[in-house]
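There are two complexes below, and they share subunit A, which is joined by subunit B in the first and by subunit C in the second.
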Partner chain A sequence: MPKLLESFAIPAAALLVSVILFGIFVMIAGTNPIEVMHSVYIGAFGSWFSWQNTLVRASPLMLTALCTAIPARIGLINIGGEGALVMGGLCAAIVGIQLNGLSPMFVIVSMVLTGILAGGLWVLAIGAFKYYRNVNETISSLLLNYIAIAVLNFLVVGPLHDPASMNKPSTYPIGKANMIGDIGNSSIHYGLIFGITTCVILWFAMRRTTYGFAVDMVGGNLRAAQLSGLAVGKLILVTCFLAGGAAGLAGMLEVAAVQGNANTSLNAGYGYAGILVAFIARHNPLAVIPVAILLGGIHASGGFLQRQFNLPDATTLVFQGIIFIVILASEAFYGRLRWFKPRVSTA
Partner chain B sequence: MTESGMGAMGVVIAVLGGAVRVGTPFLFVSLGECLTEKSGRINLGLEGNLVMGAMSGYGIAYLSGSPWLGVLTAGGTGMLLGFVHALLCQQQRVNDIAVGIAMMLFGTGLAFFLGKPFIQPVAPHLPALSLGGWSSSPVIRAALDINVLFIIGALLAPAMSWFFRNAKWGFIIRTVGESRDAALAMGINVNRVRMLATMSGGFLAGIGGSFLSLYYPGAWNEGLSSGQGLMAVALVIFARWNPIYCLYASLLFGGAAALGPALQSVGITWGYYLFNAAPYVLTLGIMIATSSSKQRFAGMPGELGKA
Partner chain C sequence: MSNEKPNISRRNLLKGVAAAGAVGAMGGFGISSVLAAPKTVNMGFIYVGPRDDYGYNQSHFEGKSAVAKLDWVKAFDEENVPETIEVVKTMESMINLNGAQVLFPTSFGYFNPFILETAPKYPDVMFLHCGGLWKEGYPKNVGSYFGYIDEPVYLSGLVAGHMSKTGKLGFIAAIPIPQVLRNINNFTMAARSVNPKITTQVVFTGGWSNPVKEAEAANSMADQGIDVLTCHVDSPKVVIQTAEKRGIYSCGYHTNQSVLAPKGFLTGAEWNWGKVYKDYAEMIKTGKKIPNLIRGGLKEGIVKSSPYGKAVTAKAKTHADAVRKKFMKGEMIVYKGPIKDNTGKVVIPKGKSYAQTDIWLESMNWLVEGVIGTTKG
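And then the complex of A and B:
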């Protein structure tokens, strides 16, 4: 029990410290920190309108967070969510454009599968480079992000360019009929359901199956896992595929529920924010859900802060950076605080 | 000379000139990373130092009118970020790779925040030595404008190599990087050495950033860096932790990154974005080709393998 309490109390305390540091930062920038924090709250969770805004941003964050959280369990620090999202979205859009005109259900299912496959293979490559050639996965995943973005830019201004898209180079649209709609009469698209479901499924896979146990074993002690006969290579590849598939699905949803085509907005930083979500959630797929909603809220409040206090849109980036650093620093406190040590009974 | 003949020559010259111009930030960041890694710690956050250096250097150069003051400020900012990185990493159970990612996001976010007012103004540029005065071709002249910072960096590489081999401090850094236990047994304060190495590395990365904003491309904006700070980390592995190889590798990467713009300058615009990916593909290809799952790299500091 004290251990469970610790895993809630330390991140909560770290978030509080981050809020204070951020408050000092905006105070130096010449605004009233209490008013700014109040506006962050209003912009994120203050009304049904802000809630919808928050949840729309939370769904891709859940999926890109899984892209870092799942490989972390096997001991890999993967930051390739951005690239997997871009590739998933791009390939899903290509399939959607090609199949446009067929039954929408069939088109959407094909796009979902394509998105998962494209993102999955993209990150699987990172795992393969690591396992077969011992290439540092953090660096290779980052390089692949830039490569994915270059491929996207090349295709949307070149071979796949829709001449009708003037200001923002885009591919042809996937067609109105093939778009994923909103839940009820809200402005939250069904991506949220996909995000939450994926988190729950992967939590189950990681915590309640022999596969998940094997992954934790490799992540905990590679030598022991090898000696006990686990197929480490296969586990790494499967884990990377699942991680990339989640981010690829996020890209597909951005295309099919928000953009309607593939364009440079796919590369909007969800992949990078997802890394932060994964670290705050301590790589637990279930904890990813509330953390993604929290971070989605901070994102959603960005525009509001800009209008109200004339703070640059990078303000939310600074806030996220502070949270990230404080959360990492808080790792040093696990197992070292007296309050969370099991009490020795004196009886 | 035919039109296309000059075009091909022009591309070659532009790539060579670009290798020096685009390679300079790589050079400074990779030397900084090399110094840090020699002490047994990886700083993945140098991308943040680079962007913060670019922003602060540009801002101070604009406000003070002196580009060199800008360069120093950029170094100082980088050193400060290095200090934060080192401070976090020496805590128990804190992973230096993760701290690097956090510092990268924090540094770029902070630079975008503070840099908003400096997007419009024009700051003075760093001076360049024109070695191409003898030529009438503007392409050649542009390629032979060598910036003073590049010359400093090119001299710094052999100096650092000498330092690691012959200076007492170089020996101490290498000992700490090879084996923490051996260094402790010799009575060396490991944390302090790594702190100083990370701060000095951060200083150099910051200077690399000031080159971006004060010389080439020569203005501050949010799209200024596209992962040069991270590629430099890969470059150090490729250069086998040898400062002189860092110099050669930076020129190679600079040339690869200059390919897209060089082709565009002679009117080949097809695949511009694809050529932009050249340095990343090159880095990845080199890492895959030169890594091995069987053995460690020659020249790799012993402490880096321990995670």
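And then the complex of A and C:
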């Protein structure tokens, strides 16, 4: 029980410290920190409108965060979420365009599976390079991002180009009927449900199954895992596939819920923002949900801050950066604070 | 939308009436100098990149700053908004939290689907998009505005043609879309009207903001003996600075970049959004109906040239000023046959000409004779 308390209390304290540091920062920038924090609250969570704004921004972050969080459990630092998202979105769009006209349910399911498959295979390749050729996965995943973006750029101006999209090169549209709509009367698309569900499923897989236990073992001590006969190679490939599949799904949702086609806006930085979410969530798939909502909220309020106080857009990046560093620094306190130690009876 | 004036929300009308009443009442106490009820116009501006990029986004920010000086205008903006659902949320946030009556989402990719889908939900708000994409049948509260910036680009080309000693010009472009190709063609045709031997080397970087590739292209062009550089990317900063460093001339784009290259800057093509935004604000204030499509060039004051740099010779200035006069009178026709593309094919036969406003020019997919490069990127 104290351990559970610890995993809530330390991040909460870190957040509080971040807020104070950010307050000092905006004070130096010449604004009243209390007013700024109040505006952050209004812009992110102050009304139903702001909540919707926050949740819409949070949903792709949940999925791209998993792309970093899941491989981290097996000891890989993967930053290839952007590339997997782009490939997932691109391939899902191709399938959607080809199947356009068939039953929308069938088309959407096919697009979901294609997105997962494309993103999954993209990151699986990173895992394979690592396992078979010992290529550093951080470098290869970063470089593969550029390759994915280049492939997308090439295809939308070349073979897949819709001539009607003259000044903004895009593929043909997947068709209005095949778009995933909004949840009920809100302006939040179904991507949020996909995001939360995927986080919960992967949390279950990582924390409540023998597979997840094996992954943690490989991540904790590779040598011990090999000695105890775990199929390390297979575990790495499966884990990378799951991670990439999540980001690929995010790409598919961008196409099917937002853009309606594949174009260069797929590469909007969600993959990189996801890395931040994964680290703040300490690679726990369930913690990814609230952290993504928190960051979504900071993004949502960023615009309001610009308009209210004439602060530059980079202000929100500073806030994110402060949170990131303080959370990473707070890792040092786990297991060191006496309050959270189980009482040992002295009898 | 039965209301003829969609720009005045009922609430503001009531406010105005109430204020007028208050002024009337105050009249009794001797304060009668207040003429009309003040009415603020709330305008929201959205940029895809940073406000201070020395380029496209800065040109709009300068326009916003100009209109913000009017005391009856409240202008607010947001930078770095990507062309995703985030722009929808930004627009709605400006409407719901700041009471925007008119929005200027300035990036091309904001239009379809984001503006087209959001506008019908807010019939009292005007959505004015930069890019000239408006067509009959779109929502009534959507409009577009754009300028024929290829006119001042033509003037830059003339100056470049006069100033180049090697006869080799360089054009660093983002992607081969009609708008960009038209600028490249205008620049080249103008330069070749001075000296028919001039060529323009084109490099497409593949993206609107790709500083590393822009610098590489600029350096390799300088190595090849090219002595005037210009560009069409979101921020010309890198290209202009690299040209200056390499000791060659440059022509600007989007805004005035002369401070970046005090020695080699010749002139440049600029947007003049300040005028456009003030005109819109005026129309909203007086309750005039806003046209769905506003376009114009040098004559209408929507675009302009940057002041000539120190290096520009008197001969070049005289020539460019003479052609500018023709543009101002509406007599200048750039696309007059015979015109060949750079593969030797005749694209505009002899005797045929296309005026500036001709829609055919907006699907341009060829490069004019004298350009070295292909539209394949």
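Basically, the second predicted complex is superposed on the first by the 343 of 347 C-alpha atoms of A that agree within 3 Å, B and C clash if a C-alpha of one lies under 4 Å from a C-alpha of the other, contacts with A are read in each partner's own complex, and residues count from 1 in each chain.
The definition used in the following text is that a residue touches a chain if its C-beta (ideal position, glycine included) is under 8 Å from a C-beta of that chain, and two chains touch if they have at least 3 such contacts.
Predicted model, so just to flag it, every value in this text is computed and none were measured.
Peer 1: Superpose on subunit A as described above, then tell me if subunit B and subunit C fit or clash.
Peer 2: Subunit B/subunit C on subunit A - steric clash.
Peer 1: Examine A:Gly303 and indicate which partner it touches, taking first as subunit B and second as subunit C; both and neither are also allowed.
Peer 2: second
Peer 1: Of the two partner chains, subunit B (first) and subunit C (second), which one does A:Leu328 touch, if any: first, second, both, or neither?
Peer 2: Touch status of A:Leu328: first partner only.
Peer 1: Between subunit B and subunit C, which makes contact with more of the residues in subunit A?
Peer 2: Larger number of subunit A residues touched: B.
Peer 1: Just checking: does A:Pro312 make contact with subunit B only, subunit C only, both, or neither of them? Give me first, second, both or neither.
Peer 2: both
Peer 1: Quick one: classify A:Gly43 as touching subunit B (first), subunit C (second), both or neither.
Peer 2: After superposition on chain A, A:Gly43 lies in contact with subunit C alone.
Peer 1: Looking at the overlay, does A:Thr210 come into contact with subunit B only (first), subunit C only (second), both, or neither?
Peer 2: Neither partner.
Peer 1: One more residue to check, A:Lys168. First (subunit B), second (subunit C), both or neither?
Peer 2: A:Lys168: touches subunit C, not subunit B.
Peer 1: Identify the partner contact of A:Asn185: answer first if only subunit B is touched, second if only subunit C is, both if each is, neither if none is.
Peer 2: A:Asn185 sits against neither subunit B nor subunit C.
Peer 1: Can A:Tyr132 be said to touch subunit B (first), subunit C (second), both, or neither?
Peer 2: first
Peer 1: Touch test for A:Ser265: subunit B only (first), subunit C only (second), both, or neither?
Peer 2: Second partner only, subunit C.
Peer 1: Based on the superposition described at the top, state which of 134-142, 188-196, 206-214 or 242-250 belonging to subunit B clashes with subunit C.
Peer 2: So the stretch of subunit B that bumps into subunit C is 134-142.
Peer 1: Which parts of subunit A are in contact with subunit B and also with subunit C?
Peer 2: Residues 150, 153, 157-158, 312 of subunit A touch both subunit B and subunit C.
Peer 1: Residues of subunit A touching subunit C in their complex?
Peer 2: Subunit A residues touching subunit C: 42-43, 47, 49-50, 53, 56-57, 150, 153, 157-158, 166-169, 187, 189, 254, 257-260, 263-265, 268-269, 299-300, 303-304, 306-307, 312-313.
Peer 1: Which stretch or stretches of subunit C touch subunit A in the complex?
Peer 2: These residues of subunit C touch subunit A: 44, 50-51, 76-86, 88-90, 92-94, 96-98, 108-109, 112-113, 131, 175-179, 206-207, 362-363, 376-377.
Peer 1: In the complex, go through subunit B and note every residue touching subunit A.
Peer 2: Checking each residue of subunit B against subunit A gives 44, 84, 88, 91-95, 97-99, 101-103, 105-110, 112-113, 116, 226-227, 230-231, 233-234, 237, 270-274, 276-277, 280-281, 283-284, 287-288, 291-293.
Peer 1: Can you list the subunit A residues touching subunit B in their complex?
Peer 2: Per the touch definition, subunit A meets subunit B at residues 29, 77, 79, 129, 131-136, 138-140, 142-147, 150-151, 153-154, 157-158, 272, 275-276, 279, 312, 314-315, 317-318, 320-322, 324-325, 328-329, 331-332, 334, 336.
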